[in-house]
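The chains carry the letters A, B, C, D, E, F, G and H, assigned in the order they are written, with residues numbered from 1 in each.
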Amino acid sequence: MPEVILGEGKSVAQLRGIVRALRARGVGALVSRPTRAQRRALASPAGGNLRLRTLAEGRLLQLPGPWGGSFRRGTVAVLAAGTSDVAVAEEARAVLVALGIRVEGAYDVGVAGLHRLMRALRRLERHHPEIYLVFAGREGALPTVVAGLVPAPVIGIPTSVGYGRGGGGRAALTAMLQSCAPIAVFNIDAAVPAALFAAQHLARSPRRSSGGRRRSPPRRR
Amino acid sequence: MPEVILGEGKSVAQLRGIVRALRARGVGALVSRPTRAQRRALASPAGGNLRLRTLAEGRLLQLPGPWGGSFRRGTVAVLAAGTSDVAVAEEARAVLVALGIRVEGAYDVGVAGLHRLMRALRRLERHHPEIYLVFAGREGALPTVVAGLVPAPVIGIPTSVGYGRGGGGRAALTAMLQSCAPIAVFNIDAAVPAALFAAQHLARSPRRSSGGRRRSPPRRR
Amino acid sequence: MPEVILGEGKSVAQLRGIVRALRARGVGALVSRPTRAQRRALASPAGGNLRLRTLAEGRLLQLPGPWGGSFRRGTVAVLAAGTSDVAVAEEARAVLVALGIRVEGAYDVGVAGLHRLMRALRRLERHHPEIYLVFAGREGALPTVVAGLVPAPVIGIPTSVGYGRGGGGRAALTAMLQSCAPIAVFNIDAAVPAALFAAQHLARSPRRSSGGRRRSPPRRR
Amino acid sequence: MPEVILGEGKSVAQLRGIVRALRARGVGALVSRPTRAQRRALASPAGGNLRLRTLAEGRLLQLPGPWGGSFRRGTVAVLAAGTSDVAVAEEARAVLVALGIRVEGAYDVGVAGLHRLMRALRRLERHHPEIYLVFAGREGALPTVVAGLVPAPVIGIPTSVGYGRGGGGRAALTAMLQSCAPIAVFNIDAAVPAALFAAQHLARSPRRSSGGRRRSPPRRR
Amino acid sequence: MPEVILGEGKSVAQLRGIVRALRARGVGALVSRPTRAQRRALASPAGGNLRLRTLAEGRLLQLPGPWGGSFRRGTVAVLAAGTSDVAVAEEARAVLVALGIRVEGAYDVGVAGLHRLMRALRRLERHHPEIYLVFAGREGALPTVVAGLVPAPVIGIPTSVGYGRGGGGRAALTAMLQSCAPIAVFNIDAAVPAALFAAQHLARSPRRSSGGRRRSPPRRR
Amino acid sequence: MPEVILGEGKSVAQLRGIVRALRARGVGALVSRPTRAQRRALASPAGGNLRLRTLAEGRLLQLPGPWGGSFRRGTVAVLAAGTSDVAVAEEARAVLVALGIRVEGAYDVGVAGLHRLMRALRRLERHHPEIYLVFAGREGALPTVVAGLVPAPVIGIPTSVGYGRGGGGRAALTAMLQSCAPIAVFNIDAAVPAALFAAQHLARSPRRSSGGRRRSPPRRR
Amino acid sequence: MPEVILGEGKSVAQLRGIVRALRARGVGALVSRPTRAQRRALASPAGGNLRLRTLAEGRLLQLPGPWGGSFRRGTVAVLAAGTSDVAVAEEARAVLVALGIRVEGAYDVGVAGLHRLMRALRRLERHHPEIYLVFAGREGALPTVVAGLVPAPVIGIPTSVGYGRGGGGRAALTAMLQSCAPIAVFNIDAAVPAALFAAQHLARSPRRSSGGRRRSPPRRR
Amino acid sequence: MPEVILGEGKSVAQLRGIVRALRARGVGALVSRPTRAQRRALASPAGGNLRLRTLAEGRLLQLPGPWGGSFRRGTVAVLAAGTSDVAVAEEARAVLVALGIRVEGAYDVGVAGLHRLMRALRRLERHHPEIYLVFAGREGALPTVVAGLVPAPVIGIPTSVGYGRGGGGRAALTAMLQSCAPIAVFNIDAAVPAALFAAQHLARSPRRSSGGRRRSPPRRR
């Protein structure tokens, strides 16, 4: 499982130090929410950089390397209610793809246009997704509606979309916590931990994995 | 339009005084959210009562009498997401029926069971509702979904259902304010003002009403 | 009814894609809350633009085209409590005018100067408004006071005006939800959905509309 | 000025001890928000009581005795928006009357019935009130409207009336803090400190008072 | 998967009607958070009851019957930080056991006594749990610490334990949403939906299930 | 009494229009919280300005002219707890001085240095202030402590000072509302309305003012 | 150091089990916030009790026995702002006395009566307290004022006193967190952990304690 | 003890005045949270500066000079959960070092990596710290876990790290207030007051200090 480092809140020097140490250990890692300065320093040639790969339009940086874990075959479905939720959903997709997991997506399928949503779900169901990651801002109703239509577990991730009272994802978060379907919830815009959780869902069951050392769980710092 | 008196927060003596004054003026009125003591005093024979009629299982008391307004013919649709929302929805229905307005209802049509909702909407649409009053607690998604499926205006009324963070209707209220459909919102459990607003929607347009004195709008005190 | 696209939160590329698709379908649409970059790209010649029309001093962009709906004749009244609320109120007016609905406005009629408000209401009443859209920031009292003086339904829209506790429209929103008059409420600065709701109030009643395909309700994405 | 003791939160024994000590010092005092047990113990014969006088239907107890201060002649106006606000307003009136200050009241004059309010203000203005104490729950608009109509300073006191979001006086408090008129605000249901402040407004100006020892200000404990 | 009915907020008559309908359909169901009156009416002989089985010391009622789903073999670990969290954790265990899923529990293993926690985890790991349900009130740190020590996915469920600021589970909920480990979160005391989610984690993967009709997901109403 | 216009939230064009109208009417006015652009347009020669006078280091602009009201002789005391509160306190002082009212100030007299506060109060008391305006951020304790030491009424104005939980004046506001002394409270940084209220306290009592037309109260828009 | 068990939220059976286990281990313990039923079962002869000692008027139960720790000689000062804060302060005193630590108290010394506070502090200073535990509800100013007058560290503990906005200790907590003096803060009514912290302050410094096994810190469960 | 001046919120001129006055009195002081402009004016040669020393990468400025207090020998342990918390923790360390107190630190020891934390604690324990200052953002669990492993008192300081609900240190603060260990809490990012409190813990006990004048406590302004 990849080590994930939150860029936001760290100085360029701190982040560079962490990445160098990880490279020295020879392991793969992801930097989430890098600032512009961090991206310049770590992913661009101009910055004397460390040649990290840029994913999800710059919302993630990847230090290539082995993760260690292995996964059951299977698909993760990623849905986004509106166009504004796409950027966050793409973070999750990038993490999963980096881990070698197959992703099927459906964007712009909000609950105010149910027929489109249903068409999209029919398409997705052909891939028999093992788990659904559903991103929605504003009123955050999409994961609840999806959970009523699909047989697999559903994760709701609120996005920081919307203005006024409950804006910035606050209404969506609370609505998902109140869902009348049994959906699991992550914090606002928390695409990366949600993707890691989905990966754990697909990880080979510990019982069946051939012993050896315990895989430690994904970690963010 | 009826005068509406909020029972909660008034002493029995205060409420009795108000009702007597209204009776003396010979006008109809509604008492909303009467306490048990108020109901005993105003609606039961035992309490030397004023013979108010009990509506909506005691959540409303009616002082019969003329309201004055007149309405276009037309139907109001009342939907409730879950069984727990029914009692609040019934308050709205009782107000509308007392005003002589036709109501069609559909209860237990939450968004986690979309197929049932759609069946209910097909039935309701046969009555060509002029406006929809949609009650929902928890994640409060129902009015948004309904607004995506029907051509008439939709009012969302959150109900004080649900526990934990956002419980008691708080998540539902905020979600409705954030709706990606243009729904109008009332406060938690505010069935009576929502019903009065729906009645105003059906009131004969002021332009066409044959002059005379201005009808004053519904009022609560 | 117009499709409404929230500009805020979308990249210029995303928004351009949506507008092009709508133009291809030949339908009218509105872009609300466009960012400066979006306005440049979509409405100015310099940006190789799509020639959208700028409304309400740039707070709305219009993709001209047919909407489909039709409306009863009738006037919508738009009131703003203070000078600072005017910009938001003008968004609503622009939407309604774009839909071909007649609007009468009265600005700077806050409750601290009641005599002015009453003079304005007397003037507006001559047009027999079918519905009132009332914008107010700070303490948000105007819709409640208006609802006590006019016979038509009243919509309250809080504006993000005011500093300190309850500033940014929060006090106004909560006060409107607590109103002792039966006013319907929209979120802070939500002029566009409120205008769409008012348009629905004026839409020809579904019963009387000569069948054909169901008009779908206004939608924002 | 009277010593004011908050009953709520003290044991009967604690309160009895405080009252006995004050009686021994021979000064007047008020007990606000006494519990039922405290009232029984201090104001009823059955409880071997201390013979405090019951004011405002039991919301205040008075230990008769001299206060020390003296006041300019003048009237305090006390307004209450709804019937449910009366009990709190009566607390303020009782405090002022106990201090020998003249009070003129007008109850049930909410902003949804402006004509009644204006009639009441015309009556009150004949007494040239020096200051207005205005009680309102729900949307709390009354003090703002009053401040636009009278020449004297206005104090707003929210009352714990109303249900749903912003209920219990929270919307009213925030709305008063956001008022577009310069009103001074007290906490929810804080009738007693508001009355003491009004009394201070009427206290003989310190400059003109013939020296001697400093009058200490009213104090609650 | 079982139908789950929230008892709280429904009248005895409503709940009895729902249970009778389910029994007529011959399916299994669970009633969560039954009130005392509901328990008497539905689970005790005295109430002319429907002979529901009482689980988790009365926090759940079970209508026996087939669920339909089938599960991979595997264990769910249930941890509770303190003695006060046990009752909520037992709800989850009861649901899982009713579904025929194996559960291993460890209670009173809060983070202030790490050595005990580690001993418990060593014991649990022998059963190779597929997923961990971790209940904690107060500061809600336990799921984060557990996620750092075990290889399987971790669900955090805050419990309504603790007084003062952040009490009643509010601090725990927010802390879990902020966790630096990728844990999925449910609302305060939401043991039943968390258990259903865990069951879905163990459900036979849809791909491998031999076609037929789509299993609909668990639903609460 | 002066008309007060809130600059913040108005366009330069709107503000210029208002000021020109007021100048045409020949009355004095104040602009509070002008933005930098507004100051340039209205108070600097470069902007083709309207020659407003700059007060309180640019936090107020004054349109000179007659106010109409007249005041009892008397002093207003203005206190500020810390250096950071001074700028807000100076706004109040500027308003009062503009109205011709005498002000005595004492700054940097926070409750953590009581001896300095007491020395300052002894100095101020020599001027027999009629009313105290007390500005404090952070924990907001100063008005409570002052009210325990002086005989005149005390107004508390929280300032937007302090970081972390309760920062920006929120803790100070709530603490003042909870004060165990009868202090009147204004919103965070609301120096101007507090100063207007203090001026009203000093206004010649309406009873004694020689009739004529009613002075209307101060108004902000 | 004593084990402390929070009574609230545990069943009588659970609590009895914990107490028996502790008794079997022969160690001392405290039960905080016992419910009435717990007190009856554990501390009264009628309940076949375990003979715990009742402290602080029933807010604490003590299981006598050795604690293990040892303390420097020294006094802890306990202050309470108002009579309503005394019960909480007495909890802290009871814990300290049970640990064999000397306590000096001063009650009813709120900041609105500074002279009394100063007299009390002069008396307390004669005992050279090593640390001050200061309890205050409402505006919570007392710890800040005390910290400005004494040389030792000050702990602020808000109490759940006061009504309206910020009531129940919320204003006091936030004010203490915003204090302009370096006071350490505990949660509302958290007298027991504050007392344990004070005891740790007086514990013999680990360096000087003659080795052996590590004393584990106080713990609540 | 040092005087501490909060830079944030003061003008450069105000701050320069305060520093000059302190220099004239010949005492040492610290400026916390200086703005960039303040740093330039007070600590850089370019600004005609006052030659303050820059500490903690510019988060503190030091006016060298005697503090007056004296301390027991002893070590303060400073822990930071993540790399992002280091800058705040370094503020505390700088204050303590400036006071001549020995500090041992351990950074990047979050609870998701317990083994690293335990290794760090074993190293720190060799220095027998008298008190622990523990900095953590996000879920804020570290101080609780540390308090379960060390014998000395523990102070929790939340840091403004983390996004979404509870971000910016809000979850960490509330979690620390709810801790099941008796930890004392400071406001978000309040490293300086926490360090001053730790210094007071190490100050020579007042009893043993050889009389003379009372040391006044640390103060911030």
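Quick note on the criterion: a residue touches a chain if its C-beta (ideal position, glycine included) is under 8 Å from a C-beta of that chain, and two chains touch if they have at least 3 such contacts.
Note that the structure is a prediction, hence the values are computed from the model and not measured.
Undergrad: Hey, what chains does chain B share as contacts with chain H?
TA: A, E
Undergrad: Go ahead and align chain A to its copy chain C using Cα positions, then give the rotation in degrees, nearest 5.
TA: The superposition gives an angle of 90 degrees.
Undergrad: So the centre of each chain is just the mean of its C-alpha atoms; given that, what is the distance between chain B and chain D in Å?
TA: 36
Undergrad: Taking each chain's centre as its mean C-alpha position, how far apart are chain A and chain G in Å?
TA: Going by mean C-alpha positions, chain A sits 45 Å from chain G.
Undergrad: How big is the gap, in whole Å, between where the Cα atoms of chain C centre and where those of chain H centre?
TA: 51
Undergrad: Could you tell me which residues belong to chain H and also touch two or more other chains?
TA: 82, 110, 112-113, 137, 147-148, 164-167, 170, 173, 177-181, 187, 190, 219-221
Undergrad: Okay, what are all the chain pairs that touch?
TA: Those chain pairs which touch are A-B, A-C, A-E, A-H, B-C, B-D, B-E, C-D, C-F, D-F, D-G, E-G, E-H, F-G, F-H, G-H.
Undergrad: Okay, in this complex, where on chain D does chain B touch?
TA: Listed in rising order, the residues are 82-84, 86-87, 108, 110, 112-113, 137, 161, 163-167.
Undergrad: Quick check: in the complex, which residue numbers of chain F touch chain G?
TA: The touching residues are 81-82, 110-114, 138-141, 144-145, 147-149, 162, 164-167, 170-172, 174-181.
Undergrad: Hey, which residues of chain H end up touching chain G in the complex?
TA: My answer: residues 72, 74, 125, 128-130, 147-148, 150-155, 173, 177-187, 190, 192-194, 196-197, 200-201, 203, 205-207, 214-221.
Undergrad: Using the touch definition from the top, list the residues of chain E that touch chain B in their complex.
TA: 6, 8-11, 14, 18, 33, 160, 169-170, 173, 187-190, 219-221
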